[in-house]
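Presented below are the structures under discussion, each in the form of structure tokens.
First chain A sits with chain B, and in the next complex the same chain sits with chain C.
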Partner chain A sequence: MTTTLENPTHSLSANEPSWLAERRAAGLDQFKSLAMPTARDEAWRFASVGKLSIDDFNPVPAPATSTLDALTERSDLVTARAGRCVYVDDAPANFEGISQELADQGVIYLPLTEAIEQHPELLEKYFLQESTELGSEKFFGLHAATVKAGAVLYVPKGVEIADPFVNYYWTSGTRSAVFPHTLVIAEDNSKVSVVDLFFSETKENEALNISVSNIHAGANAHVFRKIVQDWNEKTVSFQLDTTVAERDAQVQNVAVNIGAERARFESQTRIEGPGADVKMYSLTVAEESQEFDQRTYQTHNAGNAVSDLLYKNALLDNSRTIFSGLIKVAEGAQQTDAYQTNRNLLLDPTADANALPGLEILANDVRCSHGATTGNVDEAELFYMMQRGISRRVAMQLMVFGFFEEVIEKIDSDELAENLRQLIHNKFESKIK
Partner chain B sequence: MNTLEIKNLNVSIDGQAILKDFNLTIPKGEVHALMGPNGTGKSTLAKVMAGHEDYTVESGEILLDGENILGKEADEISHAGLFLAFQYPMEIPGVSIANFIRAARQARLPEGEDINAVEYYKELYAKMDSLKMDRKFTARSLNEGFSGGEKKRCEILQMAMLEPKYCVMDETDSGLDIDALRIVSEGVNHMRSEERGFLVITHYQRLLDYIIPDVVHVMYDGRIVHSGDKELAKELESKGYDWVKEEFASASA
Partner chain C sequence: MSDTDLQDQAIQVDTEKGNFSYPEDYEFDAGVGLNEETVKYISKVKNEDPWVLDFRLKALEIFNKKPMPTKWADTDLENIEFEKIRYYLSKGQVPARSWDDVPDDVKETFERLGIPEQERKFLAGVEAQFDSEASYSRMKEDLEKEGVIFVGSTEGLAKYPEIFKPYFGKVIPTSDNKFSALNSATFSGGSFIYVPKGVKLKQPLQAYFRINAENFGQFERTLIIADEGAEITYMEGCTAPKFETATLHSAVVELVALKNAKIQYITVQNWSSNVFNLVTKRGMADEGAEVKWIDCNIGSRLTMKYPGVVLKGQGARGEVLSIALANDGQHQDTGAKMMHLADNTTSNIISKSISIGEGRSTYRGQVHMPKHLKNCKNNTECDALLINTNSRTDTYPAITTRGQNNTVQHEASVSKVSAEQIFYMMQRGLSEGEAMSLAVNGFVNELMKAFPMEYSVELKRLIDMEMEGSVG
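Up next is the complex of A and B:
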């Protein structure tokens, strides 16, 4: 481990409130005291932890203005938006704030450091309050100790915002470590959507990402979050996400995972009120020696609520995916509907998909299902498509898009859906032969 | 040269001979019907022509306008001009009919050239209209959840959109109701031309009332044992296949 990561040198704590300094110190403690994961840890089963290293990655100095401008220019996947922030190596590159109209309604959308300065009470209540329980506690600690880049979005009661807030997190420098943070607080009866995008400047710049995102959806709030992870394949990434849903809240998470050499994704959903409905969709394209390690936890602490998870992975070459999901229904959380599905499509026999679905149910009147399937490309389908003159490569691509369509069609913006198809297409273009 | 010619084709699967010295020549401009009892190898023939890899070709040739297509990849054979309307069309989840046919058309264009979307849809809709297919179908996943008849119509739609030189239709009539049979047959008749040949595999003479064949072949045990004009189909319809089998048995005895 490098000294820089263990002893953050930047002057974070200079004008920070004491509660935050305490949380950072606790995080650093957690990072230092917890051991690196090993293959023996249940939470890391099937993961190639031996290859997991965060050594020699460091926060890097802010990139040149020309780089910040160029990447801001490239931050254009969603043009109709209510606000946008762009970070490069955790340095602010561009910030488009909200309209006066939204500000008048009490909406807050700010870069993390400004939010801490201007709204300390709000941040004290919500910021860094949801840790992960899925294995990356050590890395969460490092995030807490170090985080300075991020977007905070607060939507007051009853306010509905049609266009999404769009957060771009780029890496650019040499062996850069980044710690982006997205915090969404949607008060009762509000409606909002967010897009988080993770990109690398080039195919080559090596990076470490430890990002955290927390959604708090109040009573009957509607939150739609889309996540696009398209790091280059020289990136080690940890994404530690949580969603808390109160009574009648409706939350949808759609994640598209394309990049990183090794991507660990921990997603926790906690249902705290009856009537809540949380959907978690994910699609992943894995190629070469990429490893996508997905751990999910759906907790129902209140009854009469729904959580529905669907993770689809398409694998090529020697890539690996791991899906491990747990549904936990607390005692008394009757009439819970909780579903968990993992589907893997192997495009090459050398690819490897692992699934560990799990249930823990302490209530008796529930409807829960969990299941995982892994299948190969159907040769009869392939022949049918090729008979029409479509090459093997394009046929496979069509099949993968067909396989993903179920998830892509959940995305409410045609522009974003099309851009995502294009990203996936780009990944395949050079791939399937 | 303007023929689809199958010469002394021997095909086996798992060591079992299925096509035995099979010979057939279809000149452009003609419709040939192929009939015969279940399991005699009609679909095997169709799939081997289309480049299916599960079958072992022991010997023989298939010449499409003089070019040997045996051993080529299915997509190359398609580009050479052969279309197979499947007996059992595959369901392709998540791939819409419009996008699928578009990909097939795109595959026929030179590198860098793109389909004109407006003209493409105009043509697609016109052809769907003539096959009495609801335009809403374009957005549906290919064949997924389609009724048997809808699948067959969709095969003919693809055939019409791809304009092949030779059309092999494997039991396109099965699963079609009486109206659909007429509509689909009209679609096929519309495609008949001096520039195109057809091999129509069917069990029922009824189809041949609509698509009137130039030649009818009877296949049995991996080869054609009888050929005649359209009256032969009627004869089969009334007499069944027993006489063919008997004739075949006494001939090979």
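Up next is the complex of A and C:
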């Protein structure tokens, strides 16, 4: 491990509040004291940890203005928006704040550093308070110690915002390490949506990403978060996400995962109030030697709530996916409905899909199920299409679109849905000769 | 006295059926604790060939080296005090062939458990193991003429090494896990069975395992070889008295089904609630062969058992059907493993568990399909039923799939007996306990059909008994 990562060189704001300095110190401590994961760790079962390395990645200096402008220009997947921030290598490239009307209602949408300065009490309560429990505690520590880029969104009670807030996190420099952070606090009866997008400038720039996202949904709050991860295939990525849902809160997470050399996605949902309803949807296209390692945790601490998880993976070439999910129903959380489904579509015989769907149920009056299926494309269906002059890869692509449509159609924005279809199409294009 | 009281009374007697013991007067006793001397003593008493002693000593070394699997398993394992356990107790190493020659207290034990009676009724052969050694073993004569071998582990290795040695410890290597190593070091008793080519046993062979002594560890070893085209059904049952202290049962069962052979292995486990039941079971299925585990776990304090099938030949089939019932103070940690190693192999796992009171049931599974395979299929279903508000169930499957045209599906569900169901039945005059029993029997009914009739009757009765007073 490089010393640079352990001793961050970039100057963190000197006038940071003491609570934050403490959290950073604790994070650094956690990063240094915990060992790198090994193949023997249950939380890393099936992951090729032998190949995992975060050596020689470092925070890099802010890119040239021309790069910042060019990438801001490319940050156009969602045009109707309530606010936008663009970061490149954790340096602010562009920030579109909220309208006066929203500001008057008490909505806060700020870059992380400004939010810390202007709203220290709010941040003290929520920032860096939800760690992952799914195996990447070490990397969460490094994130806490280093994070400077990110967006903070606060929606007061009863405020409803139709258009989404859009956060772009780019990498550009040489072996750049980035630590983006999205914090969403939706107070009671509010309604808001967020899109987080992770992109690389070129196909070649190597990068390490350790991002964290925390959603706090108050009573009857509606939060819809979409995540698009399309790093280049030279990126090592960790996404450590949590959702906390209070009474009657409705939260939807939809993740589209296309890029990275290896991507670890840890997603936790904690239900703290009755009537909450949390959806966790994901679709992944894995190709070449990509490895997608998905770990999920649905915790029901209160009864009468619903959580529903659907992870769909399509695998090509020598790619690998690991889905490991756990539903935990705490003692007394009666009348829980919790579901977990993992579907894997193997498009090539050398692809490798692993499923570890788990349940831990400590209450009796519950409806819980999990299902995992892995299968190949139907040869008869392929034959039907090929007979009509469609090449094998194109036919497969059509079938993958069919397979994914179930998740894509959950995205309420036609524009974003169409852009996502395009991203998936791009991934196939290189294979269609 | 009301009808239910009468019923309770009738059931009360049966619940305690296995809860008795006789004074201990053993001729052979390896003492307390485990070291090289214990292993040498066991080997010497059994008059074993040097290679068997070597095998045991190597296993002891592995056992001492391996850590407890508490990283993932129940930490209750730490309560096993290996140094306080007695590893070998017997009244003699040669089993009686006639019921009259069995020592009186042992005979009475098995008569109280209904062994000779069952034999008369429908079994092709019976072996009854009392602590470390079989005290009785008999097989119908016509089977002997056909070349079927049905002996204990010691006799099998001594008399028929050319048959058993090539497969002994091959399906389950000594180092498979800590408890398979422990068994390999201290094994005694169990059944070694060979069914010659094309011989199809119409009636099942049965073994009955009984622990009589306190602080005792039973380590039977079973190896069943079905030669090409042979068919066999084997059943085992087990009980022990309820002692205050923990007792250990750690068996190794290896099945070898050669080309087109069929082996069906049925277990009804009803150990008393002080027994740690840590068993390794695995079958190997050659081309076109079928290995089927039917497993029912009702007793014990902690059971850890994951029967597996290695599908080695084209077109092999593996199946695990299991029922687990976990009551207060019990943890039934069961599951299945399917290793697909050839094309066109299929496997099926159906697991049903019921947790009562503070009982905990766990399903752990592994399905493995490597890259080069074609047209393999696995189906896994695990359903859990929770009776009380503080009951617990866990499911931890692991599935790896690669290759062409391989399909895997896994489904699990958790449910409870609905209040409407109970209300409906009670309205029609059933007591709440009876209604609950009926609902639970309905839940396992599908699987119950897979058991031979006598066993499913017995099972239904055991479930009724366990359900008594459990409604909460």
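In this text, the second predicted complex is superposed on the first by the 430 of 433 C-alpha atoms of A that agree within 3 Å, B and C clash if a C-alpha of one lies under 4 Å from a C-alpha of the other, contacts with A are read in each partner's own complex, and residues count from 1 in each chain.
As a working rule, a contact is a pair of C-beta atoms (placed from the backbone, for glycine too) under 8 Å apart; a residue touches a chain by one contact, two chains touch by 3 or more.
Note that the structure is a prediction, hence the values are computed from the model and not measured.
Visitor: Of the two partner chains, chain B (first) and chain C (second), which one does A:122 touch, if any: first, second, both, or neither?
Guide: neither
Visitor: Looking at chain A, which partner touches more of its residues: chain C or chain B?
Guide: Comparing chain B with chain C, the partner touching more chain A residues is C.
Visitor: Once the structures are superposed on A, label A:390 by its partner contacts, choosing first (chain B), second (chain C), both or neither.
Guide: The answer is first: A:390 touches chain B but not chain C.
Visitor: On the A-aligned overlay, A:45 touches which partner chain: chain B = first, chain C = second, or both, or neither?
Guide: The second partner, chain C, only.
Visitor: If you stack the two complexes on chain A, which partner ends up touching A:361: first (chain B), second (chain C), both, or neither?
Guide: second
Visitor: Once the shared chain is lined up, is A:344 touching chain B (first), chain C (second), both, or neither of them?
Guide: second
Visitor: With both complexes overlaid on chain A, does A:330 touch chain B (first), chain C (second), both or neither?
Guide: Neither chain B nor chain C is touched by A:330.
Visitor: For A:26, select first, second, both or neither according to whether it touches chain B, chain C, the two together, or no partner.
Guide: Neither partner.
Visitor: Considering the complex alone, what residue numbers of chain B touch chain A?
Guide: Counting only chain B, the residues touching chain A are 50-53, 73-75, 77-79, 83-84, 86, 89-95, 99-101, 103-104, 107-108, 141, 158, 162.
Visitor: Could you list, by residue number, the parts of chain A that touch chain B in their complex?
Guide: Interface residues on chain A, with respect to chain B: 378, 380-381, 383-392, 394, 398-399, 401-406.
Visitor: If you look only at chain C, which of its residues touch chain A in the complex?
Guide: 71-72, 355, 371, 374, 384, 386-416
Visitor: Which positions of chain A touch chain C when the two form their complex?
Guide: Chain A residues touching chain C: 40, 42, 45-46, 331-332, 334, 344, 346, 349-376, 379.
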